[in-house]
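Got some structures for you, see below.
What follows is a pair of complexes built around chain A, which joins chain B in one and chain C in the other.
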Partner chain A sequence: MLKRNLTVLFFLSFAVAPLASGFVYAGLYSFGVIGALSTGFTFNHWAALFEDQGFWSALALSMGVALFTLLLSLGLSLTLLLSLQRELEQRVNYFLLHLPLALSSLVAAFLSFQWLGNTGMLARWAIHLGLFEKSQDFPELINDAHYFGVIFTLTLLTFPIFTLLLLRFYQAENLSSLSQVAATLGASSKDIIFRVQLPALLRRITPTALLYFVFLFGAYEVPLLLGRQSPMMWSVYVSQKFKKFNLSDLPIAYSSTVLYTLFILLLVGWFWNKAAVSKAEQ
Partner chain B sequence: MKKVILAVLFALFILPFGYLVLLSVASSWRFPEVFPSQNLSLIHWASLSRTGVDWLSSLATSALVAGVVGCLSTTAGFLSSHVLSIHSSRKLWITLAYFPYAFSPVIYAYCLSFMFNVLDLTGTLGGVLIAQFILTYPFAVLFFFNHFDQQLREMEALARTLGSSTTVVFWKILLPISKHTLLICFFQVFLISWFDYGLTSVIGLGQVKTLSIMVYQYIGEANIHVAAIAACLLSFPPLVLLWFNHQFVFKKV
Partner chain C sequence: MTLGLLMMVLNGCNHPSKTGIETDLLDLPFETITSKAQNTTVHMMMWQGDPLINQYMSDWVVPEVKSRFNIDLQIAPGQGTEIVKVLLSEIEAGKKNSNLDLCWINGETFFQLRQIQALFGPFTARLPNAQYIDFQNPFIGIDFQQPVDGYECPWGNVQLALICDSLRTPNPPLTMDELEKWWRKNPGKFTIPYEFTGMTLLKSWMIALAGGGNALDGPFDQKKYAMLSAKLWEFINRNKRYFWRKGETFPESVAAMHTMFVNQELDLTMSNNDSEVDNKIQQNIFPTTAKSFVLKSGTIQNSHFLGIPAQAANKAGAMTVINFLISPEAQLRKLNPKVWGDGSVLAMDKLPAEFQAQFLEVSKRKNSTMRATIQPFALKEPAPEYMVRLYEDFRKKVIEQ
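Moving on, here comes the complex of A and B:
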């Protein structure tokens, strides 16, 4: 009994209390109750946050980048798995599929910076092959308005993980045998993919995909190096507000942090609900 | 066709490592050269120790932080999950453990920074260690939650019925059975800590110079050859871990 209570206390102290105390502190700061320039309870900082165009564009951009990267990664990994499943299961290929896991987001962003910039490796090859004359002619692929560099880099980091997971689900669901049975019963290749394999794989990957949406939504290092000053992704926006050392900006930064926390609570709650439903269906 | 797609795919995965090594040994690689025109040399590697930027100390700091955090979080997560996974409020614990795990590390760091300021832990190695433990411990708890399944519980109960003490059950049954899972969890926590930039930059205030902090610093200084060296040092140990995992853990696949 003592061991159980001590474990719960330890868990609450190191897993729950830090985030909860940070949330309360940020909440009090955002309402002007505490802080260097505090003048008492006010909604002004929240009003300032909601009036800040940068905040809304950061929210929309983070949603867009996370959603687009997620769909692109899922599409890529599903296509890869369904067309090359046997090859990917081979020992060497299976190992090679793990290689991107050894790259941190920061190193991946650095590599994209070196490859996609207008004096990067792609531009050099394009000039070498005679496709462009000057580096300025090369299209803007990093720090660009459409966040191409960010989406590209995040997709390259995400889709190998999805492919590995889908490969595991493919084996766990015994989809090879199920597909053979379907074929014996007269199903076409299209039917096997769309009625047997895809529904089973999508059902298993949905909770993980939702969790990845949250990770991608909070991505920091990649948009920090490959994104723009305006618009920024949410993590970069919050960090810029904190980094400015402008005391009047701090309550807005804390309001934004509170909102981010609520957003994550909502998403994780939804994820947990989905995961429970998915588990019940299995 | 399949072979071509696979070749392109794996070239894309191998290329970054080759490029990082080449960039770190290229004495000069000016635009628009597609390959370094001058001889390859270790001049940038050697210059690192000459210019007083001690990359060995950064490597040691990263290894120390990731190693300690890996051991602590794996141990604490394992012991906590063993108790929490059969607790009456197990669903609540699992949901609570997801929040810090899903949080953006940099925003989490700003949430924690006031507490670390009060405790005078910002800018210290101890502060970074504690902050990374706070970040990775819930992950380790989640990791082990499903490990303690019905079969393992029944095995524990059987050993107890046959007269084994709690200590014997732990050392002779739980640990040997969980060896591989513990190893995988350690690798994953090690990697989270090894790669972390956001949390370390905020809590460490740039004074705790892990390799990730150095990579960002060199990129900021447009010192790409040295950034490539730091990136090599950051990427090759995980490659070795992956190979080790592949040799000894993924054998079943």
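Moving on, here comes the complex of A and C:
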């Protein structure tokens, strides 16, 4: 009992307390209660945040990029696994899948910059092959309006992890044998994929996918380097408010971080609740 | 935890104030200040984005202050807003001794630090080498329309310059009209960095649109800003389709512009340092055919400064280092484009005779236009609020349009 209590105390002291105090500090700052330039309690900073069109577009863009990247990575990983499962288990391929994991977000962003930019490798090859006359004619793949470069880079970082996890789940759930049993019982290939393999894999990957959504939603380096100033992702928006020249923007930046934390907590809480209900029903 | 939060809240209300010890320090003879600085460490924060500047500091200044004053000068990377955030956090946390003793700042940072009373001073009058500084020069003695009042010491002086490759652009545009024509003839070859240098160009254009000269002198004027910025956004928006990426996005740094200039993705880049071309050619970054020029309507000239945080633990050390950095010897070395190429803040006529000839010799430039040639086109920095507003409105009125 004592050991358990000590563990809880340790967790509360070193994990929860710093985060909670940071959250409270940000909250107080956002309401003007603290801060070197504060003039007392006010809702003005929150009002300014909600009135800023840039904030809403940042929120929508972050959700869109995170969701699209997640679905794309999942789709790629599932397609790769279900069509090349045996090949993926081979030592060389298995090792190659780990390579993107060695890349930090910053390095991956720079790689994309070098490859996809108007004067990058792809553009140079295309001009060399006579596909384009000038570098400006090469399509915009980074800092582009559709956030292609950002989604591409985040997908590059995400899908190998999903593939490795799904491969592990595939083996743990013994899906190879289950698929054979289903085939023996007369199931078509389509039935095997959609009624046996996909439900089992998606059930196992969902908690990780949700955590990844949170990670992608808060991605910073990649959208900073490969995104645009307008719209910008939430993390970049907040950092602009923190880092630029206007000190009166600081409480607005804190409002935004408070909102971000609440949003993530709500999301995780909703999923937790859903998972608990689902477990109870089983 | 509650107690901790309460402490933070209470500390958040604290503001630094001048203590008796600090007042005493300013009353001491400088020799005593220097002797107090012996065997101490000075923690400096400065922008470290240029290898030549870093070399000047680490390979020359650091060993020199060590051998002359026995001071360990520790340099940490960080610029404008980062310095403000560090000092603001320390003030809000009620920290009595700052982690910083010295920082490299300029106008908008000075404005922010004065807002939160984070600077120590007035100290410049106590520095013996301040006698050589050209304080009468409005580009040196006044920072973004704010009197320096001894709370920061001028360190270098630069003027915004545009940069082209004389092979690709033999006749660069020299007026705003010529710029418009050039953009139309060379679509996609120009952009504005969405940072300090870009905003400095916007200020230069805004002054030009106001009729030039001293149009934006004095404190921030909301009416003037509204009228002139409307003209500025109209000027940019009617041309931005000819900018890089059709003006839908802008690079986040001038370094990114330099890269695109070298890759020939852009034909023009810019620098806040009018002698940076020579500096970059020296580093084999720019082609030897690169050259700088300024618009006839003028470009902003400003100074950068050294400040001491109000809560600095080693103010004596910081003052000793600053006095060395503004010495004729240190300024002369810094002026050399092979070393840094940073304009001096010293008045030639005040310098000892042996230095005057050396300054004239080192001032000679190769690919950068001579300072004397561009001086008539120098514009004063307007009040810092113009920068703050331009930065925000550039996003709203140009990028988001």
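Definition applied: the second predicted complex is superposed on the first by the 263 of 282 C-alpha atoms of A that agree within 3 Å, B and C clash if a C-alpha of one lies under 4 Å from a C-alpha of the other, contacts with A are read in each partner's own complex, and residues count from 1 in each chain.
Heads up, the rule we're going with is that a residue touches a chain if its C-beta (ideal position, glycine included) is under 8 Å from a C-beta of that chain, and two chains touch if they have at least 3 such contacts.
Since the structure is predicted, the reported quantities are computational estimates derived from the model, not experimental observations.
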| item | value |
| --- | --- |
| Partner chain(s) touched by A:K190 [first = chain B, second = chain C, both, neither] | neither |
| First, second, both or neither for A:N246, with chain B first and chain C second | second |
| First (chain B), second (chain C), both or neither touched by A:G35 | second |
| Chain B versus chain C as contact partner of A:L211, first or second or both or neither | first |
| Greater residue coverage of chain A in the superposed arrangement, chain B or chain C | B |
| First (chain B), second (chain C), both or neither touched by A:Q53 | second |
| Which of chain B and chain C A:S230 touches, first, second, both or neither | second |
| First, second, both or neither for A:F110, with chain B first and chain C second | first |
| Intersection of chain A interface sets (partners chain B, chain C) | 21, 25, 119, 135, 225, 242 |
| Of all residues in chain A, those that touch chain B in their complex | 3-4, 7-8, 10-11, 14-16, 18-19, 21-23, 25-26, 80, 83-84, 87, 89, 91, 93-108, 110-111, 113-115, 119, 121, 123-125, 127-128, 135, 156, 160, 211, 214-215, 217-221, 225, 234-235, 238-239, 242, 253, 257, 260-261, 264-265, 267-269, 271-272 |
| Of chain B, residues touching chain A in the complex | 2, 5-6, 9-10, 12-14, 16-17, 19-20, 23, 31-34, 76, 79-80, 83-84, 87, 93-100, 102-108, 110-112, 114-115, 133-134, 137-138, 141, 191, 194-195, 197-198, 202, 212, 215-216, 219, 224, 227, 231, 234-236, 238-239, 241-243, 245-246, 250, 253 |
| Chain C contact footprint on chain A (complex, rising order) | 17, 20-21, 24-25, 28, 33-38, 53-54, 118-119, 135-136, 140, 143, 145, 224-225, 228-230, 242-247, 250 |
| Residues of chain C touching chain A in the complex | 1, 4-5, 8-9, 12-13, 15, 80-82, 84-85, 88, 91-92, 108, 112, 115-116, 187-188, 194, 245, 248-250, 252, 260, 263-265, 384, 387-388, 391-392, 395-396, 399-400 |
